[in-house]
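Below, subunit A partners subunit B and then partners subunit C, in two separate complexes.
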Partner chain A sequence: MSTYLTQVWAIVWKDLLLEIRSRERIAAMGAFAVLAGVLFNFSIDTTTTRPEDVAAGLIWMTLVFGGLLGVGRTFHLEAQDDAFQGVLMSPAPKDAVFLAKTTANFALLYAVSLLVLGVFSLFFGLNLGQNLGWLVFVLGLGSLGFVALGTLFAAVSTGTSMGETLLPVLVFPLLVPMVIYGVGTTTRLIDGRPFSEVEGNVRMLGAFALAALAAGAVLFRYVVEE
Partner chain B sequence: MSTAGMRRGGLVLTVLGLLGLITLYWMSFFWVDTEVNQGVVQRIFYVHVPAAWTSFLAIGFAALASGMYLWLRDDRLDRAALCAIEGGLVFATLVLITGPLWGKIAWGTYWTWEPRLTLTLLLWFIFVGYFMVRNATEDPEKGKRFAAVVAIVGALDIPFIHLSVVWFRSLHPDPVVARPDGPTLPVDMLLTLLFGVLVFSLLFFGLFLFRYAVEGLRAEADLRARSAA
Partner chain C sequence: MTVVVSASAHTLGVDEAEQTVLAGSGGAVLQAAGLCREYGTVIAVDGIDLSMNEGEFLTVFGPNGAGKSTLLGMLAGAMRPTAGSVSVRGKPLLSSDTDWRHRIGMLSHKGFLYGRLTVEENLRFYGKLFGLSDLDERIPARLEQVGLTQRIRFEARQLSHGMRQRLSLARALLHDPDVVLLDEPYTGLDPSAASVLRDVLDELKDGRRTVVMVTHNLREGLEMATRLAVQVAGRFAWEGDNQGLGRKDFERHYHDVVEGRA
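For the complex of A and B:
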C-alpha cells in the first residue's frame, strides 16, 4: 500500500512541480475565472435580477468551463515527444497514474474554485456568513467529481484527432448531476439556509465523485494502453 | 451464429416486429379506451414509452457488450455494442420527437425540463459522443476502446442523471407501471403498452441482428482487402 501511495505521490509531485514552474494552466484558469466574473457582472441587469440569485449558477459554470480549460490540457505537455510513454512504463500501475493525475488536477481546480468563490462574492456582493465552511467543502466535492470524469475523458480526447474540442461533448452530458446538485446546494448555502436542508444533495455530490473516481481508476488502463 | 443465420434471425424478428407494429397502431387507435383527462393525444404514449424503454435497453446492452469487449477483446462484442448504440440512437430520437408533440398538447409547451425527457436528451448526446469518439481516432483499435469507455461511463452515469433531474423538477406523469403498489393503468391501456414494449424490443433486436450481420461482413471484407494488398 505504501509503495502505491509513494508512486501516486511521485506523479502528483512531478505534475505540481511542473505547474509551479510553468504556471501555464493555473494562470490560464485563474485569469479565465476572474474575467468570466467580470463578464457575468455585465450580463446581469441588476434592476431585474438580484445577483445573489444567479451567483451560484455562475460560479459553477465558471468552474466547469475553467476546469475544461485546465483539465483538457492534462496530457498535453506529455503528449509531446511521447513523454507520457515514460510515465506509463514506470512501475506504477495504471490506476495509480490515473489517481495521481486526478489529484494534481484536483489541486489546481480546487485552488481556482476557491478563487472563484472569493472573486464572485466580491463582485456580486455576496454575504457568505456562517456557511463559508460548507461552501468551501461543497466546491471541493464538486471539483473532485469534475476532475475525475475530466481526467479520464481528457485522456480519451487527447488520443483522438479532434483533441480538446471533443472533451465538452463527452463530459457535459455526464456532468449534469454535479451541476444540478452543486448549484442547488450552493444557491441555498449562499442564501443562508442551514446545512441540514442541503445534506441530501451534498451526499449525492460525494457519491457522484466517488463513482467517477472508481470508474476512472478502473477504465483508465484501457484508454492509455498501446 | 453464422452471418446467414443472423440475417434469417433478423428477418424473422423484424417481420414479427413490423406485424406487431401494425397491430400496435390498430390497438392504440381503435381498441384501447381514450384516456379521460388528456383525451386522444395520450395515444402517443403507446409509441413514446416503448421507444424510451428500448433506448435504455440499448445503452444497457451496449455497456455490457463494451465491458465484455474490454475484457475479452473479441471484435464481435465491439460490433454488438456499436449496433446497439445505433439502434438506441434511433429509438432515443423517436422519444425526442414524440415527447414534444405530446407535450405541446398535454402541457402547452414543446419542451420542458421534465426529468425523463431531459434524461433521454442527455442519453441521446451520450450516443452521439460514442460515434464522435469512434470516428475521430486514426487507429480503429483505439477508437473501439475509447468508445467502449464512453458507453460504460454513460450507462453508469444514468442513475445519477436520473436522480438529479428528478430532484431538479418533475412535471411528467408519475410512473404508471413500475410502481411498488402495482400498476395504476386500466387493463386495456396496460396491455397496449406492454404489447408496445414487446414490439419495439422485437424491432430493436431485429434491426440489431441485421446491422450486426452487416458489420461482420464489413470486417471480413476489410480483412480480405488487407490480405490481398
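For the complex of A and C:
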C-alpha cells in the first residue's frame, strides 16, 4: 500500500476506533434520527397527506440536521491534547487528512442515513421494495456530498469563537442543490417510479459529491494551516 | 538579529569569539534567519537568527511571554513566520514539501495524544503517518527507552501526567528525527518522572541530533545544554556557549539580562 493510502487509512482507522470507544457522535445522530422519525410520525395527518409525498423531504431534513450534529464535532476529539496539531505536523499531506476525515465521517453518516430510511419506512409505512437498492445508493451519494462540505466547514468553524453555531450558517446555503436533487430523486423512488426517470438527478448528486470532495481536498490546507 | 554580548557574559567566561552567530554558515542542520512573528500589534518573536549544527543542544530561557513557544512553533513548521525563514539541512520549511517533517520531532506543552487510544495505538498511528514500516520493532524500543513498556495496553488518558509526557517524548522520537524541539518538557513532572526524562534527553546528546529546548528550569536547562540563550521580548537578549556555568552564577546573570541590567 502506498504511503498516501497508509496515511489515509491510519486516520480513518483512528477516527472510527475513537468513535467506537466514545460513541459520542453516532449516539447523538442515531438518537436524533429515531426521535425525528417519531415526532414526524405524529405531526403528519395521514388522512389528508400521503406519507409518500412528504417522506423524502423529511428524510433529507433529518439527515441534514442529524448529520450536522456529528460532522460538527469532527475536530472536537482532535482538540483534546492538541492532537490534531500532531497530525498536521506529520508528513501526511493535508488532502490525505481531509479525505480520511471525510471517509470516517461518511461511514458514520451513511450508517445513520440507513437508520433514517429504516425508521421512516417503518413509521410512515413506506413500501420501498423494488427501489430499495437505488434509495440506499442515492442516500450514499447525498451523504458523501454532505460530509465533504461538512468536514471542510467543520474545520473552519472549529477555529472560530462561534464554533459549531457557525457551521449551519456556512453549510446550509451550499447544500441547497444537493437537497433539491436528493429530495426529488427520493420522492420518485419511494413512489415506485423507474430509475431511468431520476437518472439525471442522480448524476447531479454524484457531480455535487465529487465537486465537494475536490474542493475540500484543495481548500482544506488553507483552512487548517496558519 | 544581533546577539547582545553583555559585560556579564564576559564575566561568566564566555569568549566573544565563541559567540555563535552562525546564520548562513555551511553545514548547519537548523537555521533561522530574521524570524518574526506578530499577533496583531503584539510582536512575539522579533527578528531571531539561529544556526545550529549536528550535536548541539540549545536551551532557550526566558520569562513568560518572551515568545519562546512561538519561536519553537516556527522552528517546527507549525506556525508561519510573519517574516524570516527556517530551514532544515538547507531546505526551507515549505508547506508543500513534507520531507523536512520527517526530520523534526516536537514535544510540546500538549502531548498530541489521543486519550482513548492505547499507548501502542497512539505510537502506531503516528508511525503510520510518518510512513514507518518497522513499527513492530520500533515501538517496543521507544517504550523501553521511556520506561512505559508495562503500560503498552493502557489508554493514554489512564496515564499520569509524567507518563503522558514520556509517551509524548516517545511519539516525538519515534521517527528518529534529526532535530528535536522540546517545549517546557519538565513542567508538572515529579522528581522521578523528571529523572527518566533527563535520562532520555541525555541519550539525545549522541552527537548526531540537534536539540532546542525551551524551559524555565534553570538546573535542567543548564545541565543539558551546549549552548544557551535568554529570550526577552521576542529577541535573544543574550546567547553563548555553555562552559560549565554554575546554576547560581547563571541565575544571577539571567536575572540581570531579563531585567535589562546586563
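Quick note on the criterion: the second predicted complex is superposed on the first by the 225 of 226 C-alpha atoms of A that agree within 3 Å, B and C clash if a C-alpha of one lies under 4 Å from a C-alpha of the other, contacts with A are read in each partner's own complex, and residues count from 1 in each chain.
Operating definition for what follows: a residue touches a chain if its C-beta (ideal position, glycine included) is under 8 Å from a C-beta of that chain, and two chains touch if they have at least 3 such contacts.
A quick note: this is a predicted structure, and the numbers were derived from the prediction, not measured.
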Subunit B versus subunit C as contact partner of A:Q85, first or second or both or neither: second
Partner chain in contact with A:K14 - subunit B first, subunit C second, else both or neither: second
Contacts of A:E225 with subunit B and subunit C, given as first, second, both or neither: both
Intersection of the subunit A residues that touch subunit B with those that touch subunit C: 225
Of all residues in subunit A, those that touch subunit B in their complex: 149, 152, 156, 159-162, 166, 169-170, 172-174, 176-177, 180-181, 184, 201, 204, 207-208, 211, 215, 219, 222-223, 225
Subunit A to subunit C touching residues, read off their complex: 3, 6-7, 9-11, 13-14, 17-18, 21-22, 77, 80-83, 85-93, 221, 225-226
Residues of subunit B defined as touching subunit A within the complex: 70, 118, 122-123, 125-126, 128-129, 132-133, 136-138, 142, 145-146, 148-150, 152-154, 156-157, 160-161, 163-165, 167-168
Sites on subunit C touched by subunit A in the complex: 76-80, 95, 98-99, 101-102, 104, 106, 108-117, 121, 125-126, 128-131, 156, 171
